[in-house]
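Next come two complexes built around subunit A: one with subunit B, the other with subunit C.
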Partner chain A sequence: MCARLGWAVGQLSCLALLVFLGTAALSGDAAVTLLGDGYDPGQAARLRARLQLDDPVWTRFGRWLADLCRGDLGRSLVGGEPVGTVIAHAAAPTLVLAGATLLVVVPLAGTLGFAAGVREGSALDRVLTTVTVALYAVPDFVVALLVVALVSVRLRLLPPTALGADGATLLTRPELLVLPVLVLCCQSTSSLSRQVRAGALDALGTGYVAQAVRLGLPRWRVLLRHVAPNAVAPAVQSTARVISSLVGGVLVVEVVFAVPGLASELISAVAARDVPTVQGITLVLGAAVLLVNLAADLVVARVVPRARERA
Partner chain B sequence: MPLSRRALLTGAAAAAGVVVVGACGAPPDTPPAAPRHGGRLRAVFQGGGSKETLDPHAPRPWVDQARHKALFDKLTELGDDMTPVPRLALGWQANPDATVWRFTLREARFHDGRPVTADDVLASYARILDSAAAGRRGTQLLGELDLANSRALDPRTVELRLRAPVVELPTRLAGTGMAIIPAGTGDFGRPVGSGPFRFESFDAGTSSMLATRFDEHWEGAPYADQLEILSAGLQARGNAVLGGQAHYADDLDPTFARIHEADGAVRVIRAPHSGMQAFAAKVDRPPFDNPDVLGALALTIDRQRLVDVVLAGKGEIGNDLFGKGYQYYADDLPQRPHDPDQARWLLRRAGAENLRVTLNTADAGTGFVEAATLLAEQARAAGITIDLATVDKDTYFADILDNGVLVNESVGAMPIPNHASTHLLSSAAQNVSRYRSPEFDAAYRNAQATGDTGRRTAIYHDMQRRFRDTGGLLVWGHSDWIGATAPALSGAVAAPANTLNWARFDRVWIGAGA
Partner chain C sequence: MTRWPSPRRLLALGMTLVPVLTAVLGPALAGLPHAPPGGPYAPSGPHHLLGTDGLGRDVLTTTLQGGRSILLLTLTATLLAYLLGGLAGLAAATGANRLVEQLLLRPLDVVVAIPALLLVSVAAVWLRGEASAMALVIAFAYAPRIARIVHAAALDAAGRGAVEAMRQQRESWACIHLGYIGRAALRPVVADLDTRIVGVLYLVASANFLGLGFGPGSPDWAVTIARNESGLLLQPWSVLAPATMIALLVVGVNLLGDDVLHRPRTARVGAPR
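For the complex of A and B:
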């Protein structure tokens, strides 16, 4: 466990360093983007001096790291707000979005995948396979544009954007969440249900299931007691992967639906070369992904007998 | 220095024209329906994430400029043709060489009840010019202001002294970032201005600013009780107005206009002559330091096709000059033709056959990459090979100042003299084509000291003629500014961004009017 934690800290440090160097390697800096199309070298030089952008990259990284060790994420270079505040504001809508998506995806993908797996080759399996593979192939932003054009603009059934809504508003006005969650569900349900289906097939083909059938146990009992738990193991890990890849999907969805979350904040921070904000958000996202994977491993260890023995 | 009566400039007409200003508010193209009062108006603009700020002297994203317009006033604003319209200034006078200006202020109040005085004007300009600060947008426009010798003659008269003649001072004061704030303001957490709406709240997280009607505004109270200004991406802006979540969406693309002008779900409003679309060729380095090569490239451009494809027809073709439709525009110059054969001939004469150049492009402006791609295709007809190099879009406009030989360029609406001073003079910070002409600079200074409008116009025309063939700016089009209003909103007029009627919410109302 301790080794695991040590690894996590190491991974996060690497991530922070890489992102810092990556942002530094981009053309221009915050002084340039702040001035935009009114760029003026004299003004840029003054801004650079004030934002301490003239220091060498290692000095700047060292300063950021030292602040971080004191628990200070720094201030945004463009807005002057503390990065911690920016993240706290932006994290709420993203968490609501991701949470709502998981609440839908996990049961849905589990049921569909399991149903398809235990009836391999049936009409249901073939339909589900066709639909999930097709949906998986369509990029999120295409789905997003299509559902908005149809459901909101043409049929006027649901609001097309979450304009002006924060995390709390999203919870009190769930109609704002329907379309974004629908879009996020498409890819994740597809990939997760494929994993569950494969897990179920694997479990069905094992010797202990064959033995259980031979002993004359009722089919439902075999499925629930012996197939399902072993199908869950790969599914839990791919749920963790789905959560990681949700970060990418959330990015698209936040922009299309005007959700003021972490992903859209990250995009504008990168565009503005707002290094402290970029660092803060990537660190939080990185930590979240590590935590989710750690949690997945723990869950697997608890549910699956084999994994428990190994651990 | 005494001010002679003969020295009255445009301000004379302006001072007498207060009535005209009142008439400006009523949009000319809507039937005279009785405006309705009340309601909460919602408008959505292009935003800038954490860059957004309520400090009106550091305006950057469009959404900020819209917010500042609701909360603050300037001495002047720009009309659609870029002539100055009096706002807080009732009128103005200048001495014959345009170095001493007197602006008379109208009776106006800030939201906290204090009157707007000459001291507030001086304090605002001092803040814009503060050399310790950085990123104040109006610094360039006030470059000649001699603040130490400027003074308040009385609470409603301010005398501005300049180090060099600037006959266009009233249009300069209408520029971006020239808002008048109460003297002594340094913090904009709860901004106080004299604009038609009074600040209520701002939530940076959701990028939402709420303001309420300011009943004592000098131009009369706005119709709507409340105004909410938000920011969102292009797609979300369009969808918000289509889905009834916003009354107005700003800065939409030509595709949106093409689709929704026909279906009538929203009213698309397009303001012509709102943005110059061009390629800039650097004339201080090969190959475009040779006027024949530059001329050849200009002749290979099929401008109409660029307008039809890149702007979806929502614009007009350009004639290698900024400012079509604006005051001082040299509209007597013949239209640059599309003539690949002549281009080939010019290239042969220059000994530059099989010319190969790189065009630095990026998705930094609407249609940049499309225009670049199309130009590369068109130039092939004249034997020119254009290689496209895609560079970083976030820093594009700073990057192209020094780098590359051929780049995309676009400039929004501003008066022709302002464009010259910020983009074309040898000393101009945003001189992308690297045009350096002492004669052009001298002519500009001469124009700034010429009080007679007719003579000044002649000088500007001459400067444009001189610039067009050697300046390196290949203006292929003038794009429309595209916005959309919900059916529930009445009274909105199309106006180029940066002008008085753009993002103006005190003269529109919620409810049927048409």
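For the complex of A and C:
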């Protein structure tokens, strides 16, 4: 437990180093790139001084890390706003989107996967396998565009974008959420239901389930009391992985549906070469994924005695 | 007597070959029926079989030209990832020092946990549009996953008596590590080649769609989809043609890998990318 927590701290520091090196150290001469072609040398020197680009990389990293530990993510190069404020504004729509998706995906994938695993080879199992393979393979931006074209433009059923909506608006106007959540669900349901199905199959094949059947316990009791709890452990870890792949999906979906969340903010910051904002958002998203993994490991350690020693 | 491949494999092969052939032969065919540039989002007609896109370019021509970048980038990045990951995994598995093993593998876990698209967007701040840089970043994002598998497989092979015997015979490092351990570890490593290729393909397409990759003028399939998104209703082909190509490629490689690499139909769908 303590080792796992210590490792999480190590992971977070690795993440910080990675983000800093990726954005700051690779930059060459950031000032020149920021100003574009035909810049004025004096202007570049002033910008370089303002961004303190003349110091060596390690000094800059130390300063950045110290600021980070105090919760100061710097200021956006574009709007001049503190990055913390930008993130706080943009986090709400992203959280609503991800939360709504999880609320749909976890029960849906759990039920479907468990039902398919319990009746391996049945019609339900085969249909589910085919559908999940197809949905999992097609890139989510293709799915998203097709859904927009069909549902909101052709049939005019639901709004095609959530432009200008913040977290609260998304909650009060659920029709804005339907399409983005639908697209996000396609992939995550496919992947999670496969994992649950595999977990159920594994649990069905164990000795204690065979023994329970031999003792004449009713089938529903065997399934609920013995198979389901043991299929949960792998499912918890898969859910953690689904959440981290959800970040990739959210990136695409927010852009397609113009949801003003963290991902849209990140993509426009990348386009504008707004380094502090990119650093802040990738740090927050990366840390969120690492923490979700940590939580999943701790939950599994609690549920499965075998894993407790490893955690 | 020659055995015909199963219909399933034929279907998978066909699905993969359409986009691959388009990508390979397309650029040579693209200019043949020379089409004068038309107005933006012109419907299909005699000059433009599939109409034009938002810039008035012929959709058929851009689609023929747009496959090369995604295919080359995917193949280069996958190869690089296997090279980097393979060497790191081998070094970690066969190094004499446990500390070195931990130092090599532990940081890799962080890279595995972070969504690859985030890494690409960090790098895209400065390295946008350079194919070689993109390939390196994507390889860097995927190498740790491969290093883990290679490490596990090589650890198994390195413990065998044969390796001990070779050491005592004073065989060279390359002979033991690449010739024996590497070869023994090859099978489990290649087993999920298709998942890796699809993952990289996906990443390349998503990055290009989000504008983290090639510039907006590129004929790349994903870039053109993003460009013509607003014209989806006016001129559906401008989006549908490249989107079909990408979908065929990803689904085809998936099916083909499933069919060739995993004989008993084990569902590999849930594997994280």
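The definition used in the following text is that the second predicted complex is superposed on the first by the 265 of 311 C-alpha atoms of A that agree within 3 Å, B and C clash if a C-alpha of one lies under 4 Å from a C-alpha of the other, contacts with A are read in each partner's own complex, and residues count from 1 in each chain.
In this section, contacts are C-beta pairs under 8 Å (C-beta built on N, C-alpha and C of every residue); 3 or more make two chains touch, one makes a residue touch a chain.
What you see is a predicted model, and the numbers here were worked out from it, not measured in a lab.
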{"item": "First, second, both or neither for A:43, with subunit B first and subunit C second", "value": "first"}
{"item": "Contacts of A:255 with subunit B and subunit C, given as first, second, both or neither", "value": "both"}
{"item": "Partner chain in contact with A:148 - subunit B first, subunit C second, else both or neither", "value": "both"}
{"item": "Which of subunit B and subunit C A:264 touches, first, second, both or neither", "value": "first"}
{"item": "Partner chain in contact with A:237 - subunit B first, subunit C second, else both or neither", "value": "neither"}
{"item": "Contacts of A:273 with subunit B and subunit C, given as first, second, both or neither", "value": "both"}
{"item": "Partner chain(s) touched by A:78 [first = subunit B, second = subunit C, both, neither]", "value": "first"}
{"item": "Interface residues of subunit A shared between complexes with subunit B and subunit C", "value": "26-28, 33, 145, 148, 153, 255-256, 267, 270-271, 273"}
{"item": "Touching residues on subunit C, where the partner in the complex is subunit A", "value": "106-107, 109-111, 113-119, 121-128, 198, 202, 205-206, 209-212, 222, 225-226, 229, 232-233, 236, 239, 243, 246-247, 250-251, 254-255, 258, 267, 269-270, 272-273"}
{"item": "Interface residues, subunit A side, partner subunit C - complex", "value": "7, 10-11, 14-15, 18-19, 22-23, 26-28, 30, 33, 129, 132-134, 136-142, 145-146, 148-149, 153-154, 190-195, 197-198, 238, 241, 244-245, 247-248, 251-252, 255-256, 266-267, 270-271, 273, 275, 278-279, 282, 285-286, 289-290, 293"}
{"item": "Contact footprint of subunit B on subunit A as seen in their complex", "value": "26-28, 31-44, 46-47, 50, 76, 78-79, 81, 86, 89-90, 145, 148, 152-153, 156, 159-161, 163-166, 255-258, 260, 264-265, 267-274, 277"}
{"item": "Contact set on subunit B toward subunit A in their complex", "value": "42, 44, 48-53, 60, 134-137, 139-140, 176, 203-208, 228, 230, 232-233, 235-236, 239-240, 242-246, 265, 391-392, 394-395, 397-399, 401, 411, 429-430"}
